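What follows is a pair of complexes built around chain A, which joins chain B in one and chain C in the other.
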Partner chain A sequence: MPHVDLTIEICGMSGDGTIAAGALLNGALSRAGFSLMAFDSYPAEIRGFGRCVTRTRVGVEEMVALTSETHVLISLDDEQSLSRIPFLARSATVFFDNRPPSYVPEGQSIAAHVEPHITLLGIPFGNLAAEATGTTRGRNLTALGAFAGAFDLPSEPFHEVIRKKFDPKGEKVAQANIKSFDAGVQYAREKLDPSIRGILSLPQKTMEKDDRELLSGNMAIARGALDAGLKLYFGYPITPATPIMEYLAKVLPERGGRLLQMEDEISSIGAVLGSFYAGSRAMTATSGPGLSLMTELITHGVMAEIPAVIIDAQRGGPATGLPTKSEQSDLHAAVFGGPGDSARIVIAPTNVSECYEYTVKSFQLAEKYQTPVIVLTDFFLDNRVENVSMPHAAPEEISDGNVYPDPALKGHYRRFERTESGISPRSIPGMEGFIFTTTGLEHTEKGIPDYAPQNHMQMSEKRHRKITGALAELPVPKEFSQKESLDVGVIAWGSTFGSALEAVRKAEKKGIRAGALKITSIFPYHADSIRGFMERCGEILIPELNYEGQLANLIGHLFGKEVTRLNRVTGEPFPASIILKKIESLVT
Partner chain B sequence: MPGPHFVVIGNGPAGNEAALTLREKAPDARVTIITRNLGGSYRPHLIPEFIAGNIPEKGLFAVTPDTYTEKNIKFRHGQRVVDLDPEKKTLTLDHKEVIPFDGVIIAVGGMPRIPEYLKVFEHSMLTLKTMEDARRWISTLAETDSVLLIGGDLTSLAVTKALLSLGKKIYFMLTEHAFWPLRPDEALFAEVSDRLACKGVDVISGKTLEGLASTSENSFIVRFDDRRELEVGMIGAFFGLAPDIGFLRRSGIRMDRGLLVDEYLCTGFEGVYATGDCAQIYHPELRDYWVSIGYANAEVLGRTAANNLLGGKDQTAVAAESIFEAEGINVNTSWWMEF
Partner chain C sequence: MKTSGRILAEKVSKIKNSDVFSIRSHNLPTWCPGCGYFGIHQGLNNAIQRLELPHHKTVTVSGIGCAGRYPFFANTYGLHTVHGRALPVATGVKLANPDLTVFAVGGDGDGLGIGGGHIPHIARRDIDVTYLLFDNSIYGLTKGQPSPSSPTGFKTKASPYGTTEAPLNATLMALSYGATFVARLFAGDPDAITDAIVEGIQHKGFSFFHIYSTCVTFDKQFKTWDHLHEWVHPLSDEHDPTNLKQAMNEALEDHFSLGILYRRQKE
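And now, the complex of A and B:
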């Protein structure tokens, strides 16, 4: 089977149907049996002027990161696509509309800018769509068809995804889109040089149905929450978390739950705490600005020992920051944000499967340890699409996580009893004989406000003991390395881990003794495991999409010397090539 | 202040040489090559050797795209000029991009020519001009043992040699159009026939092709006017090249079968030159136009056009009787007056 590892970009202006074409491409390639990872970038404005780019890395092996190079660029708007030229691989192929609506001066066509070694394919996208359907509206589909035709990809998977998308709008609409697509295929097959074909060879299991699903991080979170028995969702829309709410708004009521859009994030977290307090699993999803508004009530959950599940879909910050850009700069806020010593559980998935898995897990953790659990994702992880073998939560993973009081204690119940584990048996309001009071003030084991120095010492220690104990149930760091002794160890979290792993694999191929450590339990963290890895490494490199090196600040002290920080705040996913370059510089 | 923008249309031997000369002699100028073909500048006379497997594909290229980049020549390949306005000094590309220029050299060469009476069979015949053609020849030859060559231009003789080296059975149908646009006399005609026959080629002369039927993808039945039939695996057509200048019909540049230029290769419009196979060049002594064919001549003409565009006054150097050597046969060129 030939090696396939290509990155395909579609670039256009808002309104060109760029994102829609990218989604169809992903769906078709997935159905055709390829593995893929895809990510869209688009302007912050809801609609208007701005560049839209979809990136799809496609191959036959599992994809852990995007690449910096683009092998195929489909330009729906040349002016926008010019910015993508620096990223084209030497052997890239560029498709562009060679019959734009009007004449353009020199330099405004992408044809004026591509390097000679790049294959430039002019296809009259608009004209072909108009001839096929009477309107140029389907030119994005024609472009997709030209791509499929040029590379000899079968039309069936594309037809299937087009039908799936447009059938709900009626047969006429679906047919028009298929005609637009077919016009591109036919043109490419008849007019283009056959020698460019065959770059995308199909894997042997082409068209075989497997259990993989095309899923974004946000969708995986929503599905995980549903499978975990989510009953109530409260939220306020914010990029990049909104798709979770949009999906749940449709599906949660069908599963007997309820979703309510609140007036802001403060009321959202308040309602989540109230739901859990009353015994119903609830969740909210937000981003950095929303998390900061929730801070006081999160600490209330810590003090009053009320569970909550909060998804923080990180974006560029601070403040309103960069709403549609990727960043990992909420770690400090998630772990330390808020007044007082308010330790809570923070976990961070690194891929789409883990988005599902850790969302499921967060409900049990929240219930058992009676504390807010923050799931940290980021714009890239939320919006990127992978075709994954969808995990299904086992019954024990979604079962009730509450530690209930011993019935024998009826009438003698101490809600905040200082147990050895720090976990106090939890009563749900309404349980006869287990009445308690709750408050955000420091309190006694019975929940009575008490500011006595000794009590505050003891209760603080109890709450932290509980969180420390949760470590036993949190995912341990996972190491990826071939050698016992490593010159460079790369420690990464969130979406950056995929890039780190790709860089390490490339470094290994170059003969460098490198290894990667994936950290998903951000707080509490597995200090012993991390230290054990660090001790086997000559240098520790921590790449992060933030300026301050927030994970390095948290765990860097475990290394005997200074860790090497690699920080970027470009708003883009961390390029593996830059991590590789840093690894190489550390061994020379 | 930016230097002038010079555009060369075509990157065959003439166009390539013109661009390199412009780059060398006008270092401040912006030089752009625009060509409909993909890839660097190849040596068309070596294509038969490539087909025979005697040289690798990369050996065909005189200049690669990277060379243009290194020399700061903007190389736009796979892009077609569809219109040229010599007064406004703009040209328009197929994708509707309008490019201004200060000077242009038209060196588009020719396209394989099929005589009108054979056009009906055109889809069954392979021509040989571009790299794409060459690849098609190679893939088709892999599936067949016998080839019918029709026409008989200079390229066809080199192809004959290549096919013989591959062990193919060759039928060569010499027609009245052989060596077009040259005018072979009977003696030359006979000499070519004899030499081909000596090498084992089955020469068919004095016959007209009347019918052609395809029995499968690589099998053709050819019927002649004497009712004789011949079964072959593929058919190659060699009737020379016709200037590829259709896109200039609305430009106002004077043209006959080629673009009419003075002895300095100027079209009559300031800064607009034509050179190579697509030009018909005025000869002051003959008071008529002539055409040049052949790789070496094309390079000289390309260089001359570039020098003159830069203000030179070079006349095209040509002997009254240039001689080409092809497969041991001396072929006299003739003035191309019948155009």
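And now, the complex of A and C:
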């Protein structure tokens, strides 16, 4: 299989069917056996009238990041697409409607603006759709068909995804959409210069059934929670976490669970704590503003040693911030937020399959260590789509993680016993002879409020010993490097890690001794292995989607000298090209 | 002849071996002598005993405040949570295991001030939780500041010139929120509390108990025992607890009539 690495963009105005066309493209390419990563951007406001762009990076190897260059642009609205021209690669191809349905002001056709080395394919999307179906409504599919025809892609996977989407709306609708698509394919095959087709061809993948699924980070989290035995979900709508709630609202009742949309985030985490206390797995998902409201009860979970699972889908901040933009600026809040010494577990997946895996793990960790666990994601990771082979949680990962009291202790039960591990056996309401009261006040081993100096020292130590001990079960940092000693080591977390890995691979190709370290356990963190990696690096670079360098603040002290910070708050995923540039500047 | 010490020891041992501590916790209440909350404590304990609820299948959830300390003094599973959040936590407990009998307790500051936003939602969801709002119209644990149910002009160290705000009417609020069981009671009448709570526990759905109490330490002007005894009186025999409009009218017109104002079993 020859190397393929293409980024395809569809750009249009709201109402053009841009996002729908992008989703169909992703579905078909996935069915055809390609690897892909896709990410859409569209107006945040409900009635917003604005630019919609879908980006799909497609190839044969696993995709770890998006690229900033576009190889194929499908323009459904030239006026909107003008803004995409600067991102076109030198060899890019642009599909545009040369007979657009509405009046295009003079000079607004994209044809008048692109550089001469760009291949321009003017195709009357609207007219072709109208000829095939009597209406221009399917012109987004005609555009998709023209792309598929020009790239010699088989039509079957497209037909399959079109049917899947439109069959529920009736045979007529499905047929019309297939006809619109086919009109584009036919036009491309008959009318386009065959020499162009040769240049553009994607290699034919065999049509073997691919077990991979197209999944966003948010959907992977929801699926992970269900597989982990989620019984109750409590949440409050907030971008970008809402899709988790919407998915579970449909599926959880089918599995005997229940979902309540609560009055705020405080009550959401409150109900999650109540549920775990009474022995049922529960979860809430939120974003920065909601996390800040939850902090008091999260520290209550720490003090009273009650499990909880909290997904924080980060967005731009502070305050209401940038609801539909990507940022990694809740790390401080997740790790340190709240009153007192309130250590809790914070983990951060870097890709869609880790979103699943770590959500499953968070339930086990929360129960075993009797603590809130925060899973940090970000807007890009939540909303991007990857085709992944869905892992399935092993029985030991989903089994009951609780440590129960010894029945012999009936009547002499100390709920907060200071054990060697710090983990005190936990009884659940309904267990006879093990009644206790849990409190957010400092308390004795029996749970009775007690502010004696020595007691607070000992109980603080116990709670922290427990969290430190959890490190043994937390995912270890993973190194990606070819050399033993490195000129530049890049350490990254969350969705930025993919960009860092992409940059490191490119740097290696340029002969730079660079390596990447993926950190998914944010707190507690594996200081020894991070330090071990750092010691083999001349420079340490920590790129993050935040202004303050929040991971660098947390782990930077492990390096013998200052780490190099690379911070961006543009609201976009971290471009690998910028990390690469920084790596290059560090070695020259 | 037995020494008085031995008599005392025998008495203590007799009490300890009696079923008193199967009802109460071994932790004795930290409330001030004369506090109205003792009456509520007794009323609730007797209700648990009358219904023979297994203690290990009973959970008491509270927020913060003098009333918030309640779970330590009850021989049930207890959740002493943060200020104002007893109701959402109780919601989680009840949904997680519907076999449990769940009480939520808290004061007027906890329930009407910081946690005031949660009552309407547990009411409209009709979660099967028995909520006891101990209303003494003052913040006692922080040593006497005005609460959302303090009367206008209430003087405390935090309101030396008298408050300017109007008080909330918790009973009327619960009725308008759609609570399916609303009772108004008085800490000075534990037996009436027991009778009403027994019905509240048996009610399938949210039951709200607005219980007038007193703070003997920080309130010498408003809800004193003397005043409360003078003000409270039973609901008229003609009161129809299935009639919401009548209940709301009662709550609006008469702040001190006691009994079950409203009950409706949801389908």
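Throughout what follows, the second predicted complex is superposed on the first by the 576 of 588 C-alpha atoms of A that agree within 3 Å, B and C clash if a C-alpha of one lies under 4 Å from a C-alpha of the other, contacts with A are read in each partner's own complex, and residues count from 1 in each chain.
Definition applied: a contact is a pair of C-beta atoms (placed from the backbone, for glycine too) under 8 Å apart; a residue touches a chain by one contact, two chains touch by 3 or more.
Everything numeric here is computed off the predicted structure, so don't read it as measured data.
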item	value
First, second, both or neither for A:431, with chain B first and chain C second	second
First (chain B), second (chain C), both or neither touched by A:280	second
Partner chain in contact with A:296 - chain B first, chain C second, else both or neither	second
Partner chain in contact with A:231 - chain B first, chain C second, else both or neither	second
Touching partner for A:115 - first (chain B), second (chain C), both, neither	first
Partner chain(s) touched by A:30 [first = chain B, second = chain C, both, neither]	neither
Partner touching more residues of chain A, whether chain B or chain C	C
Touching partner for A:100 - first (chain B), second (chain C), both, neither	first
Chain B versus chain C as contact partner of A:266, first or second or both or neither	second
Footprint overlap on chain A, where chain B in one structure and chain C in the other make contact	none
Touch list for chain A against partner chain B, complex	96-100, 102-106, 108-109, 111-112, 115-117, 119-122, 193, 195
Chain C to chain A touching residues, read off their complex	25, 27, 54-61, 71-72, 75-82, 85, 87-97, 99-100, 117-118, 120-121, 125
Interfacial residue positions of chain A with respect to chain C in the complex	231-232, 234, 258, 260, 262-264, 266-268, 270-280, 282, 296-297, 300, 304, 429-441, 448-449
Chain B residues touching chain A - in the complex, by the definition given at the top	38, 40, 65-66, 68-69, 75-79, 92-100, 132, 135
